[in-house]
Amino acid sequence: MTSFWALVRRDLRLAIREGGAIGTALGFFLVVVSLMPLGLGPDLNLLARIAAGILWIALLLAALLSLNRIFETDYEDGTLDVLATGRLPLELVAAAKALAHWITTGIPLALLAPVLGILLNLDLRSYPILVATTLAGTPAVSFLGAIGAALTVKARRGGLLLALVVLPLYIPTLIFGISAVGAVMGPAGMGAAFLILTAISLAAVVLGPIAAAAALRIQLQ
Amino acid sequence: MQAKLMDLGPHAAFIWISYAAVTFVVAGLVAWLIFDGKKQAAAIDALEKRGARRRSMSAVE
Amino acid sequence: MQTLTQQLANPTRFMGLSARVLPWASGIAAGLIAVGIYLAFFDSPADYQQGETVRIMYIHVPCAWLSMMIYGLIAMSSFGLLVFRHPLADVSAKAAAPLGAAFTFLALLTGSLWGKPMWGTYWVWDARLTSVLILFFLYLGLIALRAALEDESAGAKLTAILALVGVTILPIIKFSVNWWNTLHQPSTDFTATVDPSMRWPLLVMALGFTVLFFAMHLKAMRNEIMRRRVKAMRAQVVAGRDRLAASGVAS
Amino acid sequence: MQLIAEDLIIERGGRIVIDGLSFAVSEGEALVLSGANGAGKTTLLRTVAGYIRPSSGSVHLDGGDSELTISEQAHVVGHANAVKSSLTVFENAAFWSEYLSGSVADAESIERALRHFGLDDLAEFPAAYLSAGQRRRLGLARLLLAVRPVWLLDEPTVSLDIASSDRLVAAVNDHTRAGGLAIIATHLPLALERVRTLTIISRRMAA
Amino acid sequence: MTSFWALVRRDLRLAIREGGAIGTALGFFLVVVSLMPLGLGPDLNLLARIAAGILWIALLLAALLSLNRIFETDYEDGTLDVLATGRLPLELVAAAKALAHWITTGIPLALLAPVLGILLNLDLRSYPILVATTLAGTPAVSFLGAIGAALTVKARRGGLLLALVVLPLYIPTLIFGISAVGAVMGPAGMGAAFLILTAISLAAVVLGPIAAAAALRIQLQ
Amino acid sequence: MQLIAEDLIIERGGRIVIDGLSFAVSEGEALVLSGANGAGKTTLLRTVAGYIRPSSGSVHLDGGDSELTISEQAHVVGHANAVKSSLTVFENAAFWSEYLSGSVADAESIERALRHFGLDDLAEFPAAYLSAGQRRRLGLARLLLAVRPVWLLDEPTVSLDIASSDRLVAAVNDHTRAGGLAIIATHLPLALERVRTLTIISRRMAA
């Protein structure tokens, strides 16, 4: 496991040095969330109703913008070759990278959730639940995204392509993510949606790295 | 409590929050500037003890 | 004037000069703001339309002015860096960015808090408010871009380019209220329209905030110069140990 | 310990590049692959490392750790250096040391590796500042950061100056003397001890 | 100008080979447009009202996902160095690349606009105007985006950073783009918004390459 | 025609790398830059090409086209090859020919350049299929695709086999014989005619 954590730590460090990571992610969320009303019209009722959607769309966007390079840079500079000679199975390599990605996008979003809550006039007591939902659902985004990133390693400007590949995978997460947040905001409290969301995340955490590793092995040839 | 002393009408809370926010942010900035300044000065001292010559800043380009 | 700029151009001179100016500036800022607050709360009437909430104006307007002024300063510094390669220009731009972001944030916040009682909502997507929001994002972009670039001299110039590209937003903010009908107060030639009883506190506060920014900016520039010194000295220490030619470190 | 390749047939992009090649490299021995550009040296090395699966034939390591694959017992240095520009030289080395050996790195052994390749002066610099040869040396320093019996080097001397080439040769000689084995693809003559040369003949081009 | 068009053609060819270009862009727009109802709830009235917003958000998204690599790949493989030795000023190099980007994202969107129109039950006669508006506004996205792409060439995973840098620049385009499309769909017809949009695009076409070239020169050092 | 560098002082990352260097290269002459890794060969070449602005001193080309900068009259081949993997070999060459000469390329001259570097068989292959040396040769083929008086080559022989190195040497000799000039950074001895060597001494490291 030393290798695993070494890799996670390295990826976090790279994210901080190369793209600002958490600070940039926070800034990005702030900009996207405040831009949505520009696109959708300044109707406050409407905005409150679709708040959950905005939260999740911002996350998916951040994921799409940052995922595409997580394996690609390593592939291009030869790091992936060397990573594959480690004793760590390629599945865990993929998992470590997805985990680092989650820490740099999922966690900032969870941190931002209360701020968004304020913008949307949410009840103070629901913040912990809001944060919990975000934390429960976001791993799916990073770990499913890793599959798409691994598949498009060689498609050098694969941003759009990656999006086309992973967006369909994201649909269940999006649906239950939104209804979980919605449930939190509404009277129902944490409900089935939250559980399903957690289940999706768990499944993604298990299956994502396996699929990603398989894709990476092919790209190494 | 101040608000009772000085009647600021039905919207007193907005006024107080505004002034409090400005105070808070400005105080935070000032504190950060002072702290940062101390930190850099200490770093320069430490480096001088290790024998580095004090020189003017490395210019941009 | 020539000699002043020349003196300022030299970082060591700047450190000496700023050390003398800084206490005075801080003191004047504190005094002006104290007087301003006194005037604002105890020596000015409530507005006949806006009631007591008009007192928010005394901080909102200075913050709003500063938000634009600071961006202007950054733009000028950026120009100085790119065209004249002035050694302090980048220090000035870098030091001003977080301050500008903070004051812009405060302008937005106090504006929203004023908007709720006045317009019945915290936020409307009108031209002025939106353009100030863009200004805030521009500040964030400047800070993030600089933070992401390893090579400091390239980072400085790239940030300067972004600042100059973004400067087009300033006229939009300034004239947005005149170009489009909005809820927001138009930019007035306010000597004419604002009652003297409100004009004075506003002027004093605005002046106080400006001097406050000036003092903070000086301090931030001093910190930045020291930070660069630390970096150069570190390289020098490494150099001493490793036969790295000491004269190779930039001076 | 012996690395044995039997009847390898390897295809790339639908063309057969290596057609029925067998060889063996024993403990303490270095095998130099030579041959024209495009002959298939990189292809062969990547097959031995396990990245490319041969269409037929096999590669196995007799006497190694039977629980590990060849690639898990090998250092692979390819055309790319696996160096991250935004980490410092030391951070790059420390990461690979920790990752490849699976245990927390001690600063001293890292410094020893960097020193061997003349990078100790540069330890605190971001790798972005390195010249091409310095960067290559950082890639090669990996060889000394974790102990692995098999070294697979693809044109390791690219961009190196003469002094650095010599250091590389010394490292390889130390390695084989200590019982390791190495396969090295190169166009330049290297002053290696205990070396055999395998010349790969290009199947399609005279040039 | 031979050089200019050679560069545009090469970039188009690369876009087609490496990321599918127009096909991918169309697919991407379709996915985004059909995902929106998932995020925002399936209220048809609401969707019709925010159609213009959806159109523009999809475009900005596509731009953010594809712009980040337009200079970066060239920088990494040494192409930018050689491009700079051409007789073509770097400004025109940047312009050529932005133009190619516009062709591969702006034009597909214009092609898709009528399809979106069908989804939203638009009057047949307004299609030409809709397409015209899209064509008039989208150059701003590519040419302003080029500035951000040039600024973040060295920030290797700069996706989020690029977004943070260019989104503020996009806001005017977004606002007038939406109101221009909205005007088309509403009774007012083409109005001031369309003209302003065109003006923004023209300004971007002139200023974008200049700023981008300045940024590229610094990165070449 | 003469390329003259006067009193160059060049900084990288805040450190002075080249401190007060002057040299001149005349028509028909090749200058070989040698020196240890990190001495500053790449830095110097990139300064001559105009990418890096020296802190002081200047480079100018006497007798060239005075309306053009040096870089517009020069071929620059750096560590990277400026080859696009998803284009075929021919497409890569055709693009550079058209871009650099500013006129539509005729297939024959492109084929001649490819043939010189032994790439004619591979013309229709995507560059992604090339081996390292073949890719380098494609990068070098650019030299023959447009006529430019100044050649700036940074370690051009990297990855090349011996036959290809000879072809490169022949190309450089043809170029100087025809009145061009060249500056070549390399660690290997090259059999060039009319050559002078400039050894750059590293300011900071022995290694």
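Labels for the chains are A, B, C, D, E and F, by order of writing; each one numbers its residues from 1.
Everything below uses one rule, namely that a contact is a pair of C-beta atoms (placed from the backbone, for glycine too) under 8 Å apart; a residue touches a chain by one contact, two chains touch by 3 or more.
Note that the structure is predicted; figures quoted are calculated from it, not measured.
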{"item": "Contact clusters after notional removal of subunit E", "value": "one piece"}
{"item": "Interface numbering overlap (same over half, different under half) for subunit D and subunit F", "value": "same"}
{"item": "Chain separated most widely from subunit E, comparing mean CA positions", "value": "D"}
{"item": "Chain pair showing more contacts of the two, C-D and B-C", "value": "B-C"}
{"item": "Whole-Å separation of chain centres (CA-atom averages), subunit A against subunit C", "value": "35"}
{"item": "Distance between chain centroids, defined by C-alpha means - subunit D, subunit F (Å)", "value": "29"}
{"item": "Between subunit B and subunit D, centroid-to-centroid distance (C-alpha), Å", "value": "54"}
{"item": "Shared-contact residues (touching 2 or more other chains) in subunit B", "value": "58, 61"}
{"item": "Contacts with 2+ other chains: residues of subunit D", "value": "79, 85-86, 121"}
{"item": "Overlap residues in subunit A, where contacts from two or more other chains coincide", "value": "14, 17-20, 24, 27, 31, 38, 76, 156"}
{"item": "Residues of subunit D that touch subunit F when the two form their complex", "value": "12-13, 35-38, 42, 79, 117-119, 121, 125, 129-134, 137, 155, 158-164, 187-188, 204-205, 207"}
{"item": "Complex contact set, residues of subunit E against subunit A", "value": "14-15, 18-20, 24-25, 27-28, 31-32, 35, 38-41, 46, 49-50, 53-54, 56-57, 61-62, 64-66, 68-70, 73, 76, 155-164, 167-168, 171, 174-175, 178"}
{"item": "Of subunit F, residues touching subunit E in the complex", "value": "49, 51-53, 68, 71-72, 74-76, 78-84, 86-87, 91, 95-96, 98-100, 102-104, 139, 142"}
{"item": "Subunit A - residues contacting subunit C, complex", "value": "17-20, 23-24, 27, 30-31, 34, 37-38, 42, 44"}
{"item": "List of subunit C residues in touch with subunit F within their complex", "value": "151, 153, 232, 235, 242-245, 247-250"}
